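Shared between the two complexes below is chain A, which pairs with chain B and chain C, respectively.
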Partner chain A sequence: MNPLIFTGIPVGLAFGFALQRGRFCMNSAFRDIIVLKDYDLLKSVGVAILVSMIGFAIMDKTGVISISPVTFWWGANMLGGFIFGIGMVLAGGCASGITYRFGEGMVGAMSAVVGLIFFGLMTSVGVFKPFVDTVRGATTITTADGANLTLANVFGIPHYILALAIAGVVLILWAVFAKKGESTKGEESASLRERIFKRGWGWRSTGVVIGLIGIAAFTASASTGRMYPLSITGGYLSTTKTLIMGQNFMTWLPIMLLSTIVGAFLAALIAGEFKLRAPAPKTLIQCFLGGCLMGFGAECGGGCNITHILSGVPQLSLSSILNGAFIIFGCWAAAWFMFLRPGRA
Partner chain B sequence: MADETKVDKTLDVRGEICPNPDLKTMTALEKMEKGQILEVLVDYPLSLERIPRNAEKRKHKVLKIEKVSGPEHRILIEAKANK
Partner chain C sequence: MKRIILLIFGIIVLALIPIFSATSGAVVEVSEFEVIRSAANDYLTAPTTVWNMSEKDLCANLLDGDPANDPFILSIRNAADYAKGHISGAVNIPMAEVFKPENLARLPKDKKIVVYCYTGHTGSRVAALLNLCGYDASNLKWGMTGWTKDTEVAPYRFDPESAMDYPIETTANTLTGNYAFPTVENTALTSEAEIIQIACYNYASGSHGDISAEDLHALITDDDPANDPIIVSVRSAEQYAKGHIPGAVNILLKDIAKKENLQRLDPNKQIVAYCYTGRTASQATAILNVLGYNAVNLHWGMTSWTKDTDVAPGGFNPDTSLDYPFETGAGEEVPVAPSDGGGACG
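Take a look at the complex of A and B:
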């Protein structure tokens, strides 16, 4: 066993801590563009992607890591992303959302995790595998020499130049347009310790910290031979396979994931936010079914929202950009149906 | 002081998943008369942060946020009917 897999522990603890403090959930981020019109989490996601994009570009250029996009299988990306997006609305959280709320003691999130594992395994090794393999096989596109597509290799521009250019343009636009309406409301004086451990983090801090954890994750994970930053679903599946199949699948990723749950638990405990709490039975089943859709979607499209949106988009992966867009479409379709549709119950 | 505030309606959204605490609160506020007081019992940290913010944005007045125990909080909001 490579001892470097245990670098997953500090990364996971930090990730879980940051997820819980920042309430980092892409389901809320995307859903509330249309439902609550609250954009704070969306901004966190944007900042995290930007920070990782810059970090990955520099690390790729300096040879610390190499950009490793998921395969572009457009049919599987669109189908998997859309179903994942529907699932996370039903489950009340994306892959990172249900993971940190698992640590917070929310039984609904635990129910979603069980569904995610169940259908995730059915899709990656079980009854849905032939179907998914067929969809992937029929819709795979790579470069002429077989590399996975990114915006950089499609346009023939060196990765670091394109990534830094995109990040630069976005930062400039942000600086120009974000000024108005951004009232820094009178922050009551609180000690740094209080603000880190006891209160929810603002969107800027959350985004920067999660982006930096993505960078640390890529470096740590690459040191064990796994050339990819943060993921979540794969970690659940490897852990479960290890428990059930009598074979050790515990690599960097599952160790990181288990530490993420512990990190979120510790963050909630310190802040006094841990409590075992459950919704009504009907909602628990809804969470489970949502988790099932997420498990299928993630294993069909090649990853959950963390693999694709948080880790893949900063690598300019075409697969992740398409998959991410369809996660958002699925989320909006389900959110519209559940919360906005005229005449809903 | 808290006990002296007259509460017109109580909404218990403890244990509920995202985004139900937020949505139920906003729906309840919209149905209330101007000046009526809504009491929300909530234990979901994200909603605890967002309910006051979004209620204020919709011109309701947050009177009080008080910790009950652990993540459980009690929020008092005065509805300002938009009609």
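Take a look at the complex of A and C:
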């Protein structure tokens, strides 16, 4: 066993802590912009991607890591992403959302995790595997020398140039077009300790911290030979397989994931927000079914929203950009159906 | 105020582009990588290379009554195990110490060196690296395990019962990436011999653990494709076609230090090399590591992955292994003269 896999513990604890404090959930982020017209979480996601994009580009250029995009299998990306997006609305949280809510004591999120594992395993090793393999096989596209597609290799520009150019231009545009007088609500008035441990974090801090954790995660996991930053679904599946198959699958990712749950639990406990809360049985079943769709979607498309949107998009992975877009479409379709369609509410 | 900070950040990020482009243009005059690679390639492709010596051959050589043709026997086990029992005449230098200049100076350049360890795994690595340093070294096939059945003297014997029954694949895989070679920067010295010696010393004295079949299986079946290593089979094309570890590509040991094969390996990924029983791939592992790759060897090779002897022939058999005499004691400078009677090598 490689002792460096335990670097997953500090990364996971920090990730769980930041998720809980920032209430970082992409389901809420994408759903809120059409249902509530609230853009704060979406901005958090954007900031996290931007920070990671800069970090990954520098680390790739200096040889600390190498950019490792998921395979571009457009059929599986579109199908998996869309179903994952629907699933996360039903489950009431994306992969990171249900994970930090699990740590907070929300029984609905736990039932979604059970569904995610159940259908995730059915897809990765069980009855859905032949179908997913067929879809992937029929729609795989790589570069001429077999590398996985990124915006950089598609356009033939070195990765660091494209990534830093995108990030730099976005930062400058942001500086130019930012609304005047936009300030962080009341954050400055409290002590630093109070702001970190007791109050919810603003979208800027959340985004920057999660982006930095992504960078730390890539470095730590690369030290164990695992060339990818944060993921979630695979960690749940490895943990479950270790429990039911009597063989040790506990590598960096599952150790990081379990620490994430503990980190969220500690954050909630310190802030006085931890409480076991069970929803009505009907909602519990809805969460479970949502988790099932997420499990299938993640294992079909090559990853959950963390693998694709938080970790893949900053690597400019084409697979992740397409998959991420379809997660958003699935989320909007389900949110429209549940909350907005004529005759509802 | 916030706008200015954002603006400054944006400009810094853009400014990194020309800074990085400027630094990547620097040309290195002597590439340590190339020095080591060409030494390794010369060794692996030499037609006279003998990678392993069998226990039978060594014993016969020692007992043929002609001390002039006896090889220099190098034990790389730890001192306590050497004292418990060693092949008559062997000199002990633990693996981590072998590549110190003062120890290399003790080894003959004009004579065959036979390196032995516990099971043949680390002996193979030291033998390969000694060849890079200009010595003529072979590994004693199964190490001390193949020399004696005494489990006090030769622990860690392979048990065929412990072999796994993991799946094998018969469709061929190829690597298609195209990567820059790793940068090897161990020293400021420019003499080729020193560049090679320091790289070998760093590897032999650092961590060079094997991966077990169980751990490798977990890596490739844990639903986390990001941690899947590059798996390189160094077995023959026929054996590769008969069955290989899922996802493995086939590169023969003699071809492992060729540029066209090395450029296919991602220097940032872990590489797992495997062969029949762990010794040939040990050589590949040692060479890849001194070249700056992160490679580990599958312990006991294919014989630990599957019980199918058609796919994994040639495994260590504890029942039919040999039982030759050994000496005890810690004295290192024992003259090379077998004390036991002849004809014991049958």
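What we mean here is this: the second predicted complex is superposed on the first by the 336 of 345 C-alpha atoms of A that agree within 3 Å, B and C clash if a C-alpha of one lies under 4 Å from a C-alpha of the other, contacts with A are read in each partner's own complex, and residues count from 1 in each chain.
Quick note on the criterion: a residue touches a chain if its C-beta (ideal position, glycine included) is under 8 Å from a C-beta of that chain, and two chains touch if they have at least 3 such contacts.
The structure presented is a predicted model; accordingly, all values stated were derived computationally and were not measured.
A.B. asks: According to the stated criteria, A:164 is in contact with first (chain B), second (chain C), both, or neither; which is it?
C.D. replies: second
A.B. asks: See if chain A has more residues touched by chain B or by chain C, and give me that chain.
C.D. replies: C
A.B. asks: Touching A:93 in the superposition: chain B (first), chain C (second), both, neither?
C.D. replies: first
A.B. asks: With the two complexes superposed on chain A, say which partner A:196 touches: chain B (first), chain C (second), both, or neither.
C.D. replies: A:196: touches no partner chain.
A.B. asks: Pick one for A:36: touches chain B only (first), chain C only (second), both, or neither.
C.D. replies: Touch status of A:36: first partner only.
A.B. asks: According to the stated criteria, A:221 is in contact with first (chain B), second (chain C), both, or neither; which is it?
C.D. replies: So A:221 only meets chain C here.
A.B. asks: Tell me which partner A:275 touches in the superposition: chain B (first), chain C (second), both or neither.
C.D. replies: After superposition on chain A, A:275 lies in contact with chain B alone.
A.B. asks: How about chain A: which of its residues touch chain B in the complex?
C.D. replies: Residues 23, 25, 27-28, 31-32, 35-36, 38, 91-93, 97, 104, 106-109, 200, 268, 271-275, 277-280, 283, 287, 339 of chain A touch chain B in their complex.
A.B. asks: Can you check the complex and tell me which residues of chain A touch chain C?
C.D. replies: Checking each residue of chain A against chain C gives 1, 54, 58, 61, 63, 65-66, 68, 70, 120, 124-125, 142, 145-147, 160-161, 164-165, 167-172, 174-176, 178, 182, 221-222, 224-228, 231, 233-235, 237-238, 241, 247-249, 251-254, 299, 302.
A.B. asks: Residues of chain B touching chain A in their complex?
C.D. replies: 14-20, 22-23, 26, 43-46, 49-50, 53-54, 70-72
A.B. asks: Which of the residues in chain C come into contact with chain A in the complex?
C.D. replies: Counting only chain C, the residues touching chain A are 2-4, 6-7, 9-11, 13-14, 16-17, 20-21, 24, 174-178, 183, 214-215, 217-219, 221-227, 229, 266-270, 294.
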